[in-house]
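What follows is chain A paired twice: with chain B in the first complex and chain C in the second.
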Partner chain A sequence: MYNKKNKNLTPYAFIAPHLILFIIFFAIPAVFGIFISFTNWNIMSSPKWVGFQNYYEILLNKDSTFYMQFHNGLKNTVMFVIFTVPVSIITALSVALALNAKPKGNKFFQSLFYLPSLLSISSVILTWHFLFNRNLGPINNIFNLKINWYGQQPFTWIAIVIITVWWGIGGNMVIYQAALASIPKELYEAADLDGAGAIIKFFKITLPSMKNQLTYTVIMTTIAQFNIYGQPLMFSKGGPKGSTYVLLMYIRQLAFGSGESIAGLASAMAVMLGLCIISVSSLQFFLLRNND
Partner chain B sequence: MNRKLKVIVSCALAIMMIASLVGCGSTTTSSKKDSKEIIFWSVFTGPDGENMNRMIEEYNNTNPEYKVKHRPIQADEMYQRIPTMVSSGKDIPDLTIVHAERVALFAENEMIMPLDSYIDKNGTIKQENYVTSGWNIGGLNGSRYSIPLDVHSFVTYYNKDLLAKYGPNVLDDNVITLDEIREVGELSKKDEITSMGITWMRVKFLSWYEQLGGKLSEDGTNPSFNNPQAEKVLDDIKGLVTNGYANQDGEDTGQLFRSGQLVFWPEGIWMQNSLKEIKDLNWGMAHLVTFDPAKKVNWTSSHQFTMLKNPSMTDEKAEGIMNFINWIGENSLEWAKAGQVPASLKILENEEFNKMPHAFLLKEQESLSISGYKYFGFAAEALDKIVWETVFDKMDIKEGLEQAEKETLDRIAASKKQ
Partner chain C sequence: MNNIKQQKVSEVQKKQNKINTNNKKMFTATSTSKIVSFSFLFLLSVVWIIPVIWTMLTSFKLESEVQTVGFKILPVQWVIVNYVDVLTNTASGSIVRWFLNSLFISTVHTILVLIITSMSAYAYSRLKFKGKDFLFWLLMSAMMFPSVINLIPLYKIVSSFGWINNALAVIVPGLSGVFNIYLIKQFMMGIPKEYDESARVDGATEWVIYTKIILPLIRPILTVVALFSFTASWNDFLWPSIVFNDVDKMPITPALQLLQGAYDIQIAHLMAAAIISIIPTFLLYLFAQKYFLEGLSLSSGVKG
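Then we have the complex of A and B:
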């Protein structure tokens, strides 16, 4: 009897640390957030139940500022995801491939590429803000340009994408390096014997062998980029003309701006963003898994 | 054996996790009823925090019954924590610095306590000892909710050498007008020197709009800034940009001023310490640029002492808090050195303060304008989205003002349903 009980508890004991953190920092806030999205709440008094009113306001009421903000914010967020995810994946993969060829100093370059991932968003933006400075920045000076990167499209998007890719390249790169290292050499040798070129080897051996890692990174990168906030907030302040005002900026301002909190509407927007992330990631997972 | 060990280890891990999480909740900020310590939360996380620490150290050295413990905390984080903290009734700081614009909202939602009885008991904290605009912001519906620590304004820094060259007579009346900005700009732009910097547009807009007689809200509730006065402000500043008197979008005005390529730099008085480090920059400080020399308006905010609603506050401790606030008011030179204008008029008796560049603000305190509009936060954030864009011609002025007023109105309506 004692033994049996013991056996049943062991797995739970092992997952307990993660489970507890997950419940406290994710599950409870998520459920609470969904509940709040059906209420009017200013954080200070008690929430009032209003059903789907907040969702009506942001999804259907075209006269409302919040409708405009939600749609503009979501549009900009999706645009950012579309711009950034492919570039992030391709650059990280290219760097991993290059490093995998073991050029001289590859360990040094590996650390160099990984380094930005360790920095906080504030220091990243501070650095790039200077690099993209209109008059004094090296980028404009080296290329002899007069571009206002902080507030002129499409340059603002280009700058934000460059910053994001540079910042996040390390995480995916390490995963790809591990994946590349585990591909059996025999496969390439066999392909050599059959006279396959580098491109064919890449598409027929390398990519298929890394499928799991690619699926994982594509989904994780997409989720991460949907949560974009710091880059446009600090780099372009949402401009020019609100074209880089992403959804999280509106959400945060509504909930924790300098006026009274409108947490219900902010939560409704956040739930919609969550639904978008879930559906896009599921679609990606479904498509990539069924590729076989 | 092995399995047993695993169970023990994992259980121990889980317990540690739980214990550490429990630890998160009970931080050391808690002040028990009988503790002889005043926990003081402020938003001074920058270099000004050092000045505050020095003042508090000096106060504690006078051996008061209740010593003060300073905890600087990021403003955003503090404002997020206050509502949950107050509703839980636990770990509430005894004394908290709140920005002037938040006082009305916090008072209405009963986040902060009226201080009248404590002030009466103290006897030395009086309206006549404080700068009027800073004092008035804490009085609501016949009760007093806050006491000002300082006032901080948005003014104009000018480069003395450049001004001598391009506009030697501009400061004859101690005021810089927009017309003078244009005159100086006409001369200076030939040498590729910019006349005025476009800096934090929100507060400059508010000052200029008020100079022209505009109000954020005519009735105190609904926004009313989509009007010809607001249009004139934005249109005039846009004109400065188009004519090359002001900087172009994306140019770093602080850098231009520091390197001697900008004559007038509108900025906050709190920026002065960063200029003192530059040896060959000869600068002065004046009122914010005006439309009409007869009407000076300097947008101003204020740090206010408040007491968050706290059921375990005792009269004795409150007395200690009032003594501390009063002491700060009487010994605020250190705070002036941080680049702020102390709200206590006692500082005017201090010679060292009178020599400081920002002392003129206290002598002309009718020029200080602090917004008491209840929905200031909504209006300010809505204006932020359009003032910069319209001045740099990325957005139509009328369209921008319409959008900002509507956003303010919609947020007020949403907040009223709560």
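Then we have the complex of A and C:
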């Protein structure tokens, strides 16, 4: 009797530690995060229901500073996503294709391109902040430029995109390499017999065979880039003129900055950002999956 | 008779010739693509390696040398004064302290991740219980939830536990992640059920099967999970910068931002600090590169 009961409970004992942590540190914050976006919460006192007021404030009330902050932050975030995702994906794919030809030094190149993904964003920005320094940095000096990379658009965006691509192609590159290695050689041999050229083979064989991995990486990269924070914070401090001030910086500042916390309103911004992430990644999933 | 033989021979020869020319064609094709690929990779790798090398070389230069316009690539005078300064300066917080904080946080976090996720994965892949499929589905769908929404409430929960400026604030919440459970469960599916079933027949408890049979068999995936958990924890930036405001308690990744303010334009010092901060993840990569690269293919669901 005891034994049987014991046996029935054993599985729950195995999942309990994670499940409890999951409820406390994931499920509750997720539900609460949506709830407080409808309140005037300031983190300290108990939240009071205000309906859609926070959403009205950030989405429609043109006289509000929060309206300006939300629109500027979201615009900058979306711009960053649009600039970075295609460049990241194409660079990672090109590198993987080149590595797949197994040239000399193959392994060395792979290690090198993967290396930056193991570095923290703060160490990466410390380094690149110096490289892009106007007077002392090697980039301006090597190319004999006088560009103010931190304070003049479009150069600040260009710098941030370069840094992000440099930092982040490693993971996708390895995934593409594995995908390329698993494409059956017979497919290419058959295409050779039909006299297909390299470009046709790439679009008719290579890309379709990597569809799952491409879908996965495009979605994951997009989600990651929507959460951009460290690069503009440490590289350009949101400047010049707020043009790289991204949504997460506003959310952080409003909820945890100096002065009274406006956590309710910041949560409304977070929910809107979350909705953008879900809609864009669902759309990508739908488009990439259904274009047979 | 002879004729037929000769015909056959010549046919074989023809075939041989055809194969030869095909091979030749293929050989030149692959060697061109190898050359093109190599050139492309070589050019791009220059862009990739320059920041790393420049940072290292700059960290060994005198500050006065860096500040002079019209620089040289190699230090005129190799010095370690930047490292000495950065390591001994405690006015804006001690980098040694931050480094040790990070080492503690990332190590404890990694060990707990291994224990908790492998136990959970064991139950979801091997044991029968009510609500199993639903629970697992629920966990998997949670991965789609945008975690930016959790940020503010999570702060409240952590602070109500009294964990502000406490290592627990960065060790514990991350243990709720579900991706590693999925990863380990997938790996466990590849282990024949006969191993544990025969032990079960012999009367072994689930705990014994888990610790004595399963854990040793899943060591490769645990290594992957450990490496990624450690580096992710070491490199975490936004969350620790929110839950730590006491400079002494901070991990090194968010603390570098403080240094950026403290050293301002003392570039060689900042480069030395950046180098110090990446030593552990760099060493891990050096020794366990294979696992990092294999783990990525596993996690994207690529299977051969």
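Just so we're on the same page, the second predicted complex is superposed on the first by the 266 of 292 C-alpha atoms of A that agree within 3 Å, B and C clash if a C-alpha of one lies under 4 Å from a C-alpha of the other, contacts with A are read in each partner's own complex, and residues count from 1 in each chain.
The criterion applied here is as follows: a contact is a pair of C-beta atoms (placed from the backbone, for glycine too) under 8 Å apart; a residue touches a chain by one contact, two chains touch by 3 or more.
Predicted, not measured: the structure shown is a model, and the values here were computed from it.
Because the two structures share chain A, they can be overlaid on it, and in that overlay chain B clashes with chain C. Contacts of A:T65 after superposition on the shared chain: chain B is touched, whereas chain C is not. Contacts of A:F285 after superposition: neither chain B nor chain C is touched. Contacts of A:Y229 after superposition: chain C is touched, whereas chain B is not reached. Touch criterion met: A:L118 reaches chain C, while chain B stays clear of it. Touched residues of chain A were counted for both chain B and chain C, and C has more of them. Judged by the touch definition given at the top, the superposed model places A:Y56 against neither chain B nor chain C. Applying the stated contact rule after C-alpha superposition, one finds that A:T10 touches each of chain B and chain C. In the superposed model, A:A98 lies in contact with chain C only, and not with chain B.
In the superposition on chain A, A:G239 makes contact with chain B only, while chain C stays out of contact range. By the document's definition of touching, both partners, chain B and chain C, reach A:N133. After superposing the two complexes on chain A, the stretch of chain C that clashes with chain B is 115-123, out of 7-15, 25-33 or 115-123. Taken together, the two structures place residues 10, 14, 17, 21, 24, 43, 133, 135-136, 256 of chain A in contact with chain B in one case and with chain C in the other. If you check the complex, the residues on chain B that touch chain A are 3-4, 6-7, 10-11, 13-14, 17-18, 21, 76, 79-80, 83-84, 86-87, 101-102, 105, 109-111, 248-252, 255, 375-378, 380-381, 384-385, 388-389, 392, 394-395, 406-407, 410-411, 414-415, 417-418.
Those residues of chain A that touch chain C in the shared complex are 8, 10-12, 14-15, 17-19, 21-22, 24-30, 32-34, 36, 43, 94-95, 97-99, 101-105, 109-116, 118-123, 125-131, 133, 135-136, 138, 141, 166, 171, 174-175, 177-179, 182, 212-213, 216-217, 223, 227, 229-230, 233-234, 248, 251-252, 255-256, 263, 266-267, 270-271, 273-275, 277-278, 281. By the touch criterion stated above, chain C contacts chain A in their complex at residues 30, 33-38, 40-42, 44-45, 47-52, 54-55, 58, 66-67, 69-71, 115-117, 119-120, 122-124, 127-129, 132, 135, 139, 142, 144-146, 148-157, 172-173, 175-176, 178, 181, 205-207, 210, 231, 234-235, 237-238, 242, 253-254, 256-257, 259-260, 267, 270-271, 273-274, 277-278, 281-282, 284-285, 289, 292-293, 296-297, 300-302, 304.
Against chain B, the residues of chain A that register as touching in their complex are 6, 9-10, 13-14, 16-17, 20-21, 24, 40-45, 48, 50, 57, 64-66, 133-136, 147-152, 237-242, 245, 253-254, 256-262, 264-265.
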